[in-house]
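Next come two complexes built around chain A: one with chain B, the other with chain C.
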Partner chain A sequence: MDILSIIWIIVMPFIGSLVGLTYMGIGRKIIARVQHRYGPPIFQNVVDVIKLYSKRSAITHGVMFHLAPNIAITGTISTLMFVPVLVGENAISLFSFQGDLILILYIMVFGCLAMALGAGQSGNPNSAIGVSRGLTQMFGYEIPFVIALVTLMVQNETTSVQNIIAAQDSFMHWNIFQSPFAFVAAMFAFLGMMGNKPFDVPFAPAEIASGPPSEFGGKYLALMQTNRGMFAFVKLVLYVDLFLGGATNFAILLVKTFAFYLIPLFVGIVNPRFRTEQAMTFFWKWPTAIGLAGFLLVLL
Partner chain B sequence: METIPFILSILFGAAVLAYLVGKFNYILKVGVSIVGLIWAGWLFLGLQGTLSSFTFKMLGFDIIWRINPLSWLFGMIIFGLAILTAIFSGSYMKGKERVDFYCFAMCITVASMFGIVVSGDLLSFFFFWEIMTWSSFLMVIYYRYEAQAAGLRYFVMSMIGAYAMLTALLIVYAQLGSFLFDVLSAGWSGFSLTLQIWLFVLFVIGFAVKAAMMPLHTWAPDAYTISPAPFTALFSGALSKMGIYGLALLFFVFGAGKLASSVITIQGVSLPGYILAWFGAITALLATFKAIVQDDAKKLLAYSSIGQLGYIILGFSLSSSMGVTAGLYQAVNHSIFKGMLFLAVGAVFYRTGTRKLSEMGGLITRMPYTFFVVLLGIITVAGMPPLSGFTGKWLIYEALIEKHLIFLAVVAFGASTAAFLYLYRIIFTIFLGQRPKRFDEVKEVPWMMRAPMLILALLTVYLGFYPYQLLDLINQAQVYMGIAPFDLSHSMLFNSYGNVSTITVMNIVAVVFFIVFILFNTLYKRSRKVGLKDIHTSGEVPGEEINLHYAVDFYQPFARGVSIFLKRSVSKIYASLADNLEGLFDVMRYVYTGNGQTYALFVVIALAFLFLVKDFLV
Partner chain C sequence: MKEDWGKEAGNIISKWARKHSLWVLAYGTGCGAIEIPPTMTSRYDAERFGITGSATPRQADVLLITGYLAVKTLKRVIRTYEQMQSPKYVMGFGSCTINGGMYWDSYNTIKRLDDYLPVDIFINGCMPRPEAVIDGFIELQKLIDAGTAQGWVKYKENLDTYRANQKKVITNWKMPDYNW
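On to the complex of A and B.
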């Protein structure tokens, strides 16, 4: 392993969280403009996180509470390590040759579990309600998501992300055109995954006081926000890798990921929140049907 | 003396001795059974790689007891778990009634399971199978009156399985004139197709009852819930695996796998296997749904166990190299993690006296070791990467995707995601959140109970690092079963589709965790610790006595969403079937009135009828 790739391994988590948090800031600005407000500066989220890191004191509710943000960010960084960020000549593949899509699917949940455990030990009933809702919703969107991924894996006869990217060598070979049904199903799942409205039942600020993170403050919240930004980035990069053929340099990566980021944002601006069971069963209707239609195409 | 009969006599001897000396001293009876099990287990460990066999004639039938890599693998599951649960029981059963009876039944169960895996002929196989049913039935009805219904259900379902198997066995004997496995595997292909299918169905029913495959699972939730906790671990971890062992025999030793070539195949999987795979997948999904809405910790785990066995059946029925590896790996893994979880829930029950999830909470500070075990347990069940569960999940998905069985793959993925829900429920409602006042003085369980759980927990970490150690043993079993072994490397899981380096994953997770941990704890001063009641409640201040633990109806929205699956139940179908049969038997009652004069009338009528037709009869 050469020096350059080691540097990327160290630097990538920082870039990831920075990009993710900035996207969120831009998202806030866009939402504000739609609602005829001025909105915060686009680096507001980054500034907030830096402020939180500089807080000297924090309170804890117990061991799991203390460890949760720590384990959560471990899970997210580990996921990032298996997602190829750039491909082509200046590839940044991190450890993505040593793990495949199934690994990514499962290691993604690692951080979420840690968050859920930490939220559980906070003793706040709102946090537990949030987790219960979040898991319920996760089971909902996982179905179309898995349908889409299985379609891709069977179609390309590989489970490795690198090979899936390699198969999308030209514009018309992108999976968004090759398997459009899978793409639509995966996009629906993406709405649930990003947790924007109408799928923000786990956080629901007005109902359960932002749910799982409600007891976290100071350095804990800072770490969790960093984690949130990075996790958003990881998911975006994964989607770009799977459907848009990856990116060859950072400019293209930013354009593609931001395009994906806007979709759930725009859907969220104009939609109210679902009820919890609706947020789950919604995914089993049209998204699943579309995904299954894609399946039939693969089988034929 | 030959090793195999020697091990059997140790186990049966320990059972009887524990029962006899148990009248005098508690330590003696538990000690006798533990020593017996460890001794037998030690001797068995030495049989690895050997092909020793022991033959004798009984009533004119050849009886063969032998060891091969497959039976060694399953034998190790049995002995490993049995020893640990016996040690656990040593502390758990203290002060309980009829411990001698408990030790007796435990040793007999282990002996019978050992008998099953060493049997080389159908006769002794069936004989040990029935001893196993009978002795585990004794354990199910340990808490006598409250366990009656569960015990009866277990026995009836086991009988259905046993009669199905007995029928198959007699058909085989009628056809071949021998009970030996070797004769059967040579003669299987000579059977007609109809007969092959009949035998396949009968054997599958026999084995699926023990493996609790839907729709034959109805005994399992209650029987697992009601039996004493250490035994439940053995019940779910080892005893239900005998059904899986049976399936392995059926497919690869009896020769039902040859059925594949003669009938239709779907994506390269034989039709019987494909149907069985669907049974397994549906079992995995529906049992998981059921588990999510349970309020009884052991019942939740019981349904979870049914679901996990569904996965194993799914793996086996693919009959591919990878599928069988997945099935066997998951079988061993399931024994480890379900042993952990059942023991941990037993430990909680031991201290709190309740299994109701809605009554507990906040035990993490009181029982940290048990919490740690449950934490590792749920990570393993969920199949998350650093621990051993991931390898099992990976193998199953790769096997399904390799065969292009996409619908099965989606159902399997869905069931695995749904499992997160009940796993979080079990850890949250017991260990996290606010603690009810009456559990403030609860203590951690004694070391005798902690140690077995911790050993199993460390095993999952070890296998997470080095899954190839287990896969290597599985490969030996696969060679014996006549399946191409799964390609192995010391640090990689790989096939033609993809690869995962378990060591890299483990290292990344560990390195990142420790870097963040050290930065996080050295750059900042110690956080101030506040109680769990001191929380943000939007200005409203609840009194000290109010417990805000969210545990009742934890997944109410989920239950509402999937109510269509939950409201149907196989038990209800069986109950309505029983009602209808009762109606039928009421009609019979008109004939069998129980009145002597009516019967005399029947006799007279029959004789009269015979007189009338006597000319035609001759």
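On to the complex of A and C.
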């Protein structure tokens, strides 16, 4: 491992969280313009996080409460380490190895579970409801997501993200055209993962007081917000790697990830919130059916 | 010298961030709560100044007390205020929080909020319009910038006085000594 990759390992979490938080800020601005408002500046989420880091925190509910944000952000950073950010001559693929797609599949759940443990110990009923809703919804969207990834693995006969990117060498070979069924299923799962409007069942600020993080304030919430921004970036980069053939430099990466970020945003603007069981039925009906159809097509 | 420099830079950054990101917990039991939705939504859009609503006291910076406080609700307000993370600011909204307003001779409302909680800024009027509310927020931003919005320090230093005042009106004090 050379010096350059060590530098990238240190710098990448900062870039990731900054990009993710800025995307969220742009999202807030777009939502404001849709509602005929002027909207906050696009770096508003970064300002919020700086403010939260500068607050004093005097809350305690037990050991797991203190550990949860740290475990969540550890999970996210380690996911970021296994996702190849850039490919080509100046590639940033920090810890890629054969079979990393399976590892990513497992490690992505880490943050949600840590949050569930921490919020569970806070003893707030809103947190408990939010955790149960979040885990239920996770079981919903994980199924089409796994089906889509397995389809890609079978189609490319590999479990390495690097090889999947290498197979999409030209525009027409992108997986978005090669396996559209898997793309549609994965995109529905993506809506659930991003937690935007129709699927913001676990957070629901007007209903259960922002759900799992309702007892977290100050620096705990700052860590969680950083984690949220970075996790958004990780998911976007993973989807770009899998379906849009990766990116060779940062400009292309930003264009592609932002295009993917706009999809759940626009779906969220025009839709109200689902109930928990509606979200579950939705995920287990259409995306799963489409994903299975795509899987059968690949097998035949 | 070097340590001072670092502290100074940290102060400037945190002051700037606190000023431009105020998460408001609107305690809306009084009639003033009706002015909060137009302040936050499309017509007056307080979000362009970084002012957003927050769902729980743990995440909030500003406690906005809209209108009169009955003795019963004062207890909940104290509990909410003590659960917020410092630095925290209190905003008295409407004349009821200043001198009791139209409830000045009521048997079960408090008259002067400042006796019970450290209020950083008052907005007078009955009711203050959304323009006045936004103006109040901008004044609060100026106070934060000048470093004079120190209500939470005042509360910490004079906790005994505030507690005595609170216990004078709340006869059934069935709370812990401090609501962490």
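Some notes on this structure:
Simple rule for what comes next: the second predicted complex is superposed on the first by the 295 of 300 C-alpha atoms of A that agree within 3 Å, B and C clash if a C-alpha of one lies under 4 Å from a C-alpha of the other, contacts with A are read in each partner's own complex, and residues count from 1 in each chain.
Note that a residue touches a chain if its C-beta (ideal position, glycine included) is under 8 Å from a C-beta of that chain, and two chains touch if they have at least 3 such contacts.
Nothing here was measured: the structure is a model prediction, and the numbers come from that model.
Once the two complexes are overlaid on the shared chain, A:60 sits against chain B and chain C alike.
Once chain A of one complex is fitted onto chain A of the other, the partner contacts of A:5 are absent, as it touches neither chain B nor chain C.
Of the two partner chains placed around the shared chain by superposition, chain B and chain C are both touched by A:209. Once the two complexes are overlaid on the shared chain, A:40 sits against chain C while remaining clear of chain B. Of the two partner chains placed by superposition, only chain C is touched by A:50; chain B is not.
Touch counts on chain A: comparing chain C and chain B, the chain ahead is B. In the superposed model, A:74 makes contact with chain B only, not with chain C.
Using the contact criterion defined above for the overlaid structures, shared-chain residue A:248 touches neither chain B nor chain C, since it reaches no partner. Of the two partner chains placed by superposition, only chain C is touched by A:221; chain B is not. On chain A, the patch touched by chain B and the patch touched by chain C overlap at residues 56-60, 209, 214-215, 218.
The touching residues of chain A, counted against chain C in their complex, run 28, 32, 35-41, 44, 47-48, 50-51, 54-60, 126, 205-206, 209-210, 213-218, 221. Residues 56-64, 66-67, 70-71, 73-75, 77-78, 81, 95, 98-103, 106-107, 109-110, 113, 116-117, 120-125, 128-129, 131-133, 135-136, 138-140, 142-143, 146-147, 150-151, 153-154, 157-160, 163, 209, 214-215, 218-219, 223, 275-277, 280-281, 295, 298-299 of chain A are the ones that touch chain B when the two sit in their complex.
The touching residues of chain C, when paired with chain A in their complex, are 10, 13-14, 16-18, 20-21, 23, 41-42, 45, 47-50, 52-61, 84-87, 180.
Note for the complex: chain B touches chain A at residues 362, 364-365, 368, 375, 379, 382-386, 390, 393-394, 397-398, 401, 404, 406-407, 409-410, 413-414, 417-418, 420-421, 424, 427-428, 432-434, 492, 497-501, 504-505, 508-509, 512-513, 516-517, 520, 524-525, 527-533, 535-538, 548-550, 554-555, 557-558, 560-561.
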